[in-house]
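Sharing a structure, written as structure tokens. Questions coming.
Should a chain be cited, it is by its letter among A, B, C and D, assigned in written order, with residues numbered from 1 in that chain.
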């Protein structure tokens, strides 16, 4: 099993008038071919910025990738020119955005919006592209696909629009699909359908996927590996079953504790339960562990309030960034 | 959409009638004798002959009925002052020149204003952005009589590059149309920059980029098209600007159009010309509104259903 | 893509600049100058207005009049001394109230028809026709039966038409019977209202007969083009009776209404002469320095009239007339070398030396003014001054306002646009008016034209001045054929207005001049006469 | 407890209720102060107004006194803007002209607001067929140039003074304002706190006066500065066409008109009032932009 995407020490900062916002500050992860990586975290933790950094879709200025590398299939993305990137986007790596209500151009038919990507990357002629577009719509479960090609986005419901967005994303059979909170803006009833659709498509087209969400339930269902982000950094990373069975980081524990019952379908709609306190200001993050202020175990006489803990591998494939992982904690607290 | 258009068209009829009636009533309120143009008193006999000739001795409702009938059949009546010509003659000969002036002004505005706005939006806070926005703000604020005066002095009188006035060759048309186009130009530049910046931040533009579309296609198909919709909507009010601006520009540049006639006709009490021009201007603006609304519906599919 | 938009614009700018540069390279900037050898006789001039009508019966304004007098042949023109000079009429006899004109036999319409006495009879009666409703029909009221016909109800029109005493005795003899002696009648023939029109053309084309494609004329020039509000092109009429003496081949006229725009066109070399329609007063100081500047005396008086109802005391009126610094207004405000006016009848008018009163000062005489003011009974110290909003009047009003402040009178200036203004002036004038400004430009060369304004029945007497003695003087003058006797009557009349014992219903301010810009190549031959007429057939473009 | 108070309570707990007015305006003010261009424009605008008010009072020159020997002087220490053809001090006269231009500008803008608010409020509040009729009428007239009607109005009134100018400039300029107000009222009407007020039986005029109109205030403040440039330029156009107010008073427009004929020899006479107009218009535009950013929460600063 090869690594399709390797992100190393990615730092994406926003240079604003108020100061430098370290939105992503040293993130490492990789995605295996055909596997799903879930990235979880509260809003503002940098997970979307990470996704947009991979796509190089962040507005520059103010955003800039200050260091790190993103290798896709061995190819360094951070140094590609805009023109070279255009060949990667949509063709090799595609993205599904959070809000289907705004992700589609309201003045163009959805047909046009699918066809343009087919023509761009696959060089199809108009007729073939149109036929393929209809097939794609059909594939993502839109009834009467051929007729609906000439409809405008506002004539579709939110769930249907997200299906269109997904159809656009998979149109050129990309090897990596980044889904950035694909269900957040949708009605509870359609969230599951869209997730299932994504999972099916991933399997069918043998794509790898990065699923970004703030919902542990979503991750539990579809991800092979999970990375938990907090304040611009990954705080815990493990295969999904391992993470859910033996969470190590207090933040992960809190996230999981807020999830009542994994088998309960309603759980997917549950937002993260409130954890007391707020994430730190990313303009001037604390020198110490960024979770320290909210960590119930911090300040127990150790160094974590002064110097930042490193990401360490507790077990094979299970890495965590805390001075107080659960497995080492019993002894102390006991 | 069709029903909407029909309804709008039907609504213009009472509005036009109302405009005619209002103008007619207003004109009747203005004191002054259209037949006394100089110090010389007009003998009673001459006055009576003139009033008979132009039907001014009839009751007002007869005059109004005659006038409405005339407008309906495309006859705006004779001029009370320019005795060799009817209002139709004046409109037919001089209105095209005003339209040409207006279109050229509009051309400047689109040719320079829109690209300036687009470029400024593509590089916000750049020097070009500041420069073009400064130019746009100043262009918007400077009264056009000053602009006209300065342009004529430097370009024509001092440097001798273009004629000072008149409307015959294309060289004659550059300065007046540019002067008149300055305000719409400034307006377009600001408007396009604003809408374009807004559009650039839209999610669907990010989607388009994420699809790997070439930058040119993203900008032309996804950004520009959507940014220009407000520009189309702004065109109708701008028409008003251009028409009123032409009052001064036509006078200063001796453009034989219709704008400056308006002022002259009001002060000469040339009732038929004033009414004819007012009604004509109103109909044009009303028609322009209609066209803009329809265009808007075509450009932005979201509004189509809402209006049927 | 990054570069395309800027490049597009840069390209557009480069192309535009290149075109402009090419355009001015090939443009004939300096007008008629520049071609070697014989001067091409093409005059480029600026007309001050669109002619409202080129129908002699309907025209009322200076521009129409000047175009007409260059494309049509009048019976008589005015010489330099303002005496009548033979034109289409080779001679005329005056026998009391009967005037007989003898036409030349070589008068030709541009379609080849001869110009006949019948043409004049037809034209004058046409002008008087109530159905044509000519504004200037009253110019012909001196002819027996003219006023009655012009007044006619439709039913009687045909009958009254035949009673108008203008008769073509044969093709070349025109006899006119007048209501009184009217010694100025022959000079009046130089006015455009007395021009003939071509009957078949008028009847065929109706109101459109004046369009260049239809018009038939009989003068030194033909109307070759008339783009309304834009240009008027005249070309030499090779078949004209005196064509050999006409130097100009073409007159390319542009219509430029705005004074400053006209001056700019002249200075940029686009036109070689203006039509004397007045230069912007505010720019006069500069223009007067130019070698192309030219001024001509005019028959015209710029005056302030008093509403006698609101300023009843003659001493206050005298005081106000004395407080006006006429010379200062001319030097600082009007600036066109006008002449300080001390009476109603302007300098240059035949008989002026007899008629003139030397009572009013040319500069302010504040001592006298205060003396008069002291004598005034219940002087009005808060008054209004009305003027129309045409250029220049505001400035004079502001100056006079300041001058009257010196004798303790507070003036509120009210500007009104022309039509409204005339309504307010009446006669009788509105009670809101204390003082108003007007001017009078002569129609014909006789003091009568200026003095009859102040008769009690005159439609131009906006002062409420009404004196039976004055009316009698004017009536008497109308029937006095002898110049010397008539001038004496005029002197008495003028004295009743502006003399030491006069009622002072008006305070004259200045006598007009015409100012113009003329290229030095035409300056000698382009001349404007006292009645604001210029004869293009005399203009020659010289080498300078 | 009165019905209105109850409605207030209901409104207070509702999510759609407006934030307390004072804090809304305080927030707006803070946002405005952060916009440097708008602040500079506001200060300049105030300075011009102060100049117009103060200078004629303290000036050593009588603005209407004629001194021909001093005519057409260029700028100097005693006459910072030079003098006009009568030797009158242009610094003082420009300030007086500013009083008139700005006065007419604000007067006409307020008149436009009054008509526009009345029309828009009635249309939006009553709704239904009346609204439909009023709006179709507005649709048709939208963009109709106001200058022809202003010229007609001036001709009818006959004399031109401050008030007739205000009437002339506002008579056909209120269409946009009416539309904006109507739209605002329509949106506000849908708010739950308004519904709640209805539910508890608050009278319509109380609803209009207490809940609807005060909430359009922000839009109206913006509108003032959006309309002001047009009105000031309109007054200048009319004056330039010779339809301005009577001497010896002068607005900037009529001063510029005086200056055009003399511009070749004495350019300062047209340039100074024209630049004054331009500066004022520029300031008003910047202020309007600043106010819009400050009062409209949708537009965020970048």
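As a working rule, a contact is a pair of C-beta atoms (placed from the backbone, for glycine too) under 8 Å apart; a residue touches a chain by one contact, two chains touch by 3 or more.
All values reported here derive from a predicted model rather than from experimental measurement.
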**Asked** If you walk from chain to touching chain, how few steps can bring you from subunit B to subunit D?
**Response** 1
**Request:** Using the touch definition from the top, list the chains contacting both subunit A and subunit C.
**Result:** B
**Message:** Taking each chain's centre as the mean of its C-alpha atoms, which one ends up farthest from the centre of subunit A?
**Reply:** C
**Prompt:** What are the two chains with the top count of C-beta contact pairs?
**Reply:** B-C
**Item:** Distance-to-centre winner among chains (Cα means, whole assembly as reference)
**Value:** B
**Prompt:** Approximately how many whole Å separate the CA-defined centres of subunit B and subunit C?
**Reply:** 37
**Asked** Any idea how many Å lie between the Cα centroids of subunit C and subunit D?
**Response** 45
**Request:** Starting from the mean Cα coordinates of subunit A and subunit D, work out the distance between those two points in Å.
**Result:** 51
**Message:** Can you pull out the residues of subunit C that are in contact with at least two other chains?
**Reply:** 260, 417, 420
**Request:** Quick one: which residues in subunit D touch 2 or more of the other chains?
**Result:** 155, 158, 243, 260, 263-264
**Item:** Contact pairs between chains, per stated definition
**Value:** A-B, B-C, B-D, C-D
**Message:** Applying the document's contact rule, which stretches of subunit C touch subunit B when the two form their complex?
**Reply:** 1-2, 4-6, 8-9, 12, 20-21, 23-24, 27, 29, 50, 52-55, 58, 60-61, 130-135, 137-138, 141, 147, 150-151, 207-208, 210-211, 227-231, 254-258, 260-261, 264-265, 267-270, 417-420, 422-423, 427, 438-441, 458-460
**Fill in**
Per the touch rule above, subunit D residues touching subunit B in the complex are 136-137, 139-149, 151-153, 155-156, 158, 176, 229, 233-234, 236-237, 240-241, 243, 253, 256-257, 260, 263-264, 270-271, 274-275, 277-279, 281-282, 285-286, 302
**Item:** Residue ranges of subunit B touching subunit C (in the complex, touch as defined)
**Value:** 30-43, 45-46, 48-50, 52-53, 78, 81-86, 89-90, 93-94, 111-112, 115, 118-119, 122, 152-153, 156-157, 160-171, 174, 214-216, 219, 251-254, 256, 260-261, 267-269
**Asked** For subunit A, which residues count as touching subunit B in their complex?
**Response** 55, 57, 59, 82, 85-91, 94-95, 97, 99, 102-108, 116-117, 120-121, 152, 154, 165, 168-169
**Asked** In the complex of these two chains, what residues of subunit B are touching subunit D?
**Response** 8, 11-12, 15, 18, 23, 26-27, 29-32, 124, 137-138, 140-143, 145-146, 149, 153, 236-241, 243-244, 247-248, 251, 262-263, 266-267, 274, 277-278, 281-282, 285-286, 288-289, 293
